[in-house]
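Shown below is the structure under consideration.
Going by the order they are written in, the chains are A, B and C; count residues from 1 in each one.
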Amino acid sequence: MTAMFRAVLYTQWKWSRLIVVLGTLAAFAIPLLSLQGAARADRGALQAQDLLRSVQSWGSLYPLLATALGLLMAIAAWAPDHRGRHIHALTLPLPRWEYVLLRFGAGFVLLAAPIAAVAIGALLASLSATIPPGLQAYPIALAVRFTFAVFVAYAVFFAVSAGTARTAGIILGVIAAIILVQVVAGIANIDLNLFGAAQTVLVLGPGPLAVFTGRWMLVDV
Amino acid sequence: MTDAIHIERLQYRVGNAFEIKDLDLHVPAGSIYGFLGPNGSGKTTTIRLVLGLLRPLGGRITVLGSPMPEHHAKVLARVGYVPEQPHLDVTLTVRELIDFQAAFYPRWDRGRAEELVERFELDGARLFGRLSKGQKAKLMILLALAQCGDLLVLDEPTDGLDPVVRRDILSALVTYVSERGATIFISSHLVHELERVCDWVAVMDDGRLITESPMEKLKHGTKRLVVSGAPAEIGTPPFRMLSRESSNGAGESWVVGDWEPAMTSYIENLGGSVHDVIDLDLEDGFVELLRSFRKVRQ
Amino acid sequence: MSRILALVCAAALVASPLRGQDSLMVRLRTRADSLLSTWREAQRLADVADSLERVRATAGSDTIAVGALRIIANPSPLPLREAAARAWPAIDSLYGSAAEDLVQHPYIIRAVDPDSGVRRAVLHVGVELPWDLDMRATTRVLLTTVTPPRFDIGLGDWLGATLRPTLRPGDEQTAVYLQLVTVPSAAVRGCFLGDIARCKDVLQLGDSTGLLGRWYVTPAEREALVSGVFGDYFARGGTAPSLQKCRQHRDDACTALLQSLPPGSLPRLLATAARLSLVREALRAGGQEAYSRLVAHPEASIDTRLASAAAMDIDSLVARWRNGVLAARPVSLALPWWAGIAAIGWTAFFGFCALRSSRWRL
């Protein structure tokens, strides 16, 4: 199994190395760029608000990067097999779910690089910056949140990518049905908010997208 | 003799257009088994059912003693497969594909793989996508052979290849069989190619098996007879009547299968006489078999 | 003789405008007196109208009494008694013994059916509420519309708001904490770092002269203030060149512009929540009579009144307030414990979906 995993990891690395390298660079750069103003000596009381504003605006890039990494890695994991109609994968001598698991796990291993880059970049940025009194750096919390976001994004897109066209069709069909029902309800003047309900389920509380919401702040109060 | 592949009453359907119905197939272990049929006859579908890529609607498939598709992981470890279309990743090099494959097969023979790389003159650093058609076919054969499986399943492995490449591939297959005693199941519509290497042959058309027999029996048992004076009804002959046509007033031309010389007496007993017995090659016999089968189905 | 006549004529000529001025003054005085009496009459009529309205509004209504709270309302599903029971402790703890005065200032509430389209008479006195409000919302209404007893204008001006109870003082202090940390002012930062004198400055306690230098300590702050808040104001007319100089980091230009502003124009460094929380701290420290002491002498300075209410010197009160604010620091940014578990759970779930896709199932 170790040899199989290494083989799968190698091929997946070959398919996604550009994504991993660029993603790692971006993940390392974002924390440093967000605190670039604070790397200079304390600019006085004006700094706190400027710093928070800068950190908040750069902070919106973390969930975007996490989503992009998850999506691209999931596509890269399956694109060659899709091209070959999965015949090679299906004729390998191991239970199929094990093969999928190997691909799944290889993706996580490769995603460790950008995750580590966020952690290292955030630590470096917070150590080198002059943070005004009352504010605090949260490099580890940021890296942990990023980790969870990347994992969830990768898992979601991996599941879609590993599935059949019929599965994708079903998902799209459900979305289309929700939109249709909402439109019809609107026309019939029925008070129905499916989008709000969907948002509540997906984004709030323990929904799958909850980890993407909230404040992605390297420095905060 | 045990069968490497044993299929009983196999049922499969693809929509309303195509159906495999009551297919029985027995591939003896250690044989080179040719699976003949025109395009669209169901050869590739049957192979996919054998390998567990598709799930049959009915019937039983046993490969190397294990039922399929239930034990597909165990069985596929002993089966080398070369599909009709190249199925490998075009972004990997020859060397990388070999290494990838080696990781999954416990019986992988690195020495054999290296030897075949030399023999097939493959460049290890070249991307699969940049290989010629023949080189791709050679690489796929290499991967199947280096697995050291007990069964090789080859779906039209030489289709579209030049004669030199075809010869190289067939030669490697024959060498493999002689060294390992493995079973080869090879499908093709190139009749004359199978004629040279196979010792068993089955003919399939429109999802049905027309015939399955040793190659020699099919080849030598298919004859064209020039017959005169035979009655219209000939009862239940010991040979297989494939076609019967009148021949410009000089009697009739019969194409028969499973012919043996002693069967002349059967015709003579009916009042007819056999003027000539003409050998047909496998291709002619194959065509007559198909024609006869399709006429019956109509 | 002719000289005397000329003098007399000159005197007569000069006196006539003076005589005109006298009559103008008299006319103006008469006019002012007339207006004053008209205004007094209008006040009296307004009071009468108010009292008539009050009678009309309360006709047919019940009176709910909880503590010193009096609520006059028409019968309805509105949970007024329960809300009053919830609001009264907060009101009592804020106003202390002075809360007894609230008997004189009853709530007048008209509860209405929110789904009804029937036209209603306009309500001039009291508050109209839909009767489907829950208890939380009704309590909030009572708290936000209570009339602070003996609340004077001076205190209101300094506070920037009316002193009313809150059910969540912690949120107020958290907001103040955020201000202390993020407001771009060296003076506020000094307060955060423990300089009580700075705290008193930014809270506008004590001497109100020289606020510019005490509030906007650094040239960068003054420039930011001129460019940001007053940029448009100074961009026109004679101040435009000075604005340009100020933007070229000339602090003397910036200072001159700010000093030219009318008194009271400088924006306060801390929002209302800071002063409100200080008053609440003083009342908390001073006990039951604290509010009474706070409003007892409206003519006294704010710091004196607060010290009197808290029964301690102003520096100690401000220090206590600052400690309370620092203790109300918002929760840190870390993910809640369940978020990580949820993320791992969803990852595993979607991974399982991938494993069980029909493509991989036999």
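Everything below uses one rule, namely that a residue touches a chain if its C-beta (ideal position, glycine included) is under 8 Å from a C-beta of that chain, and two chains touch if they have at least 3 such contacts.
Remember, predicted model here, so these are calculated numbers, not experimental data.
Q: Mind having a look at which chain is the central one, using mean CA positions?
A: Taking the mean of C-alpha atoms per chain, the most central one is A.
Q: Taking mean CA positions as centres, which chain lies farthest from subunit B?
A: For subunit B, the chain whose C-alpha mean is farthest off is C.
Q: What is the distance in Å between the mean C-alpha positions of subunit A and subunit B?
A: Here subunit A and subunit B have centroids separated by 50 Å.
Q: Quick one: subunit B and subunit C, Cα centre-to-centre, how many Å?
A: The computed centroid separation for subunit B versus subunit C comes out at 93 Å.
Q: Distance between subunit A and subunit C based on Cα centroids, please, to the nearest Å.
A: Averaging C-alpha atoms per chain gives centres 44 Å apart.
Q: Specify, in ascending order, the residues of subunit C that touch 2 or more different other chains.
A: If we look for residues of subunit C contacting two or more partner chains, we find 362.
Q: I need the residues of subunit B touching at least two other chains; which ones are they?
A: 52
Q: Could you pull out which subunit A residues touch subunit C in their complex?
A: For subunit A paired with subunit C, touching residues are 43-50, 52, 86, 96-97, 99-101, 104, 132-136, 138, 141-142, 144-145, 148-149, 151-152, 154-156, 158-159, 162-164, 166-167, 206-208, 210-211, 214-215, 217, 220-221.
Q: Help me check something: in the complex, which residues belonging to subunit C touch subunit A?
A: Contact set of subunit C toward subunit A: 177-178, 180-189, 192-193, 218, 220-221, 224, 329-330, 332-335, 338-351, 353-362.
Q: What residues of subunit B sit close enough to touch subunit A in their complex?
A: Touch residues, subunit B against subunit A: 51-53, 73-79, 81, 83, 86-92, 96, 99-100, 102-105.
Q: If you look only at subunit A, which of its residues touch subunit B in the complex?
A: By the definition above, subunit A touches subunit B via 3-4, 6-7, 10-11, 14-15, 80-81, 83-85, 87-88, 90-95.
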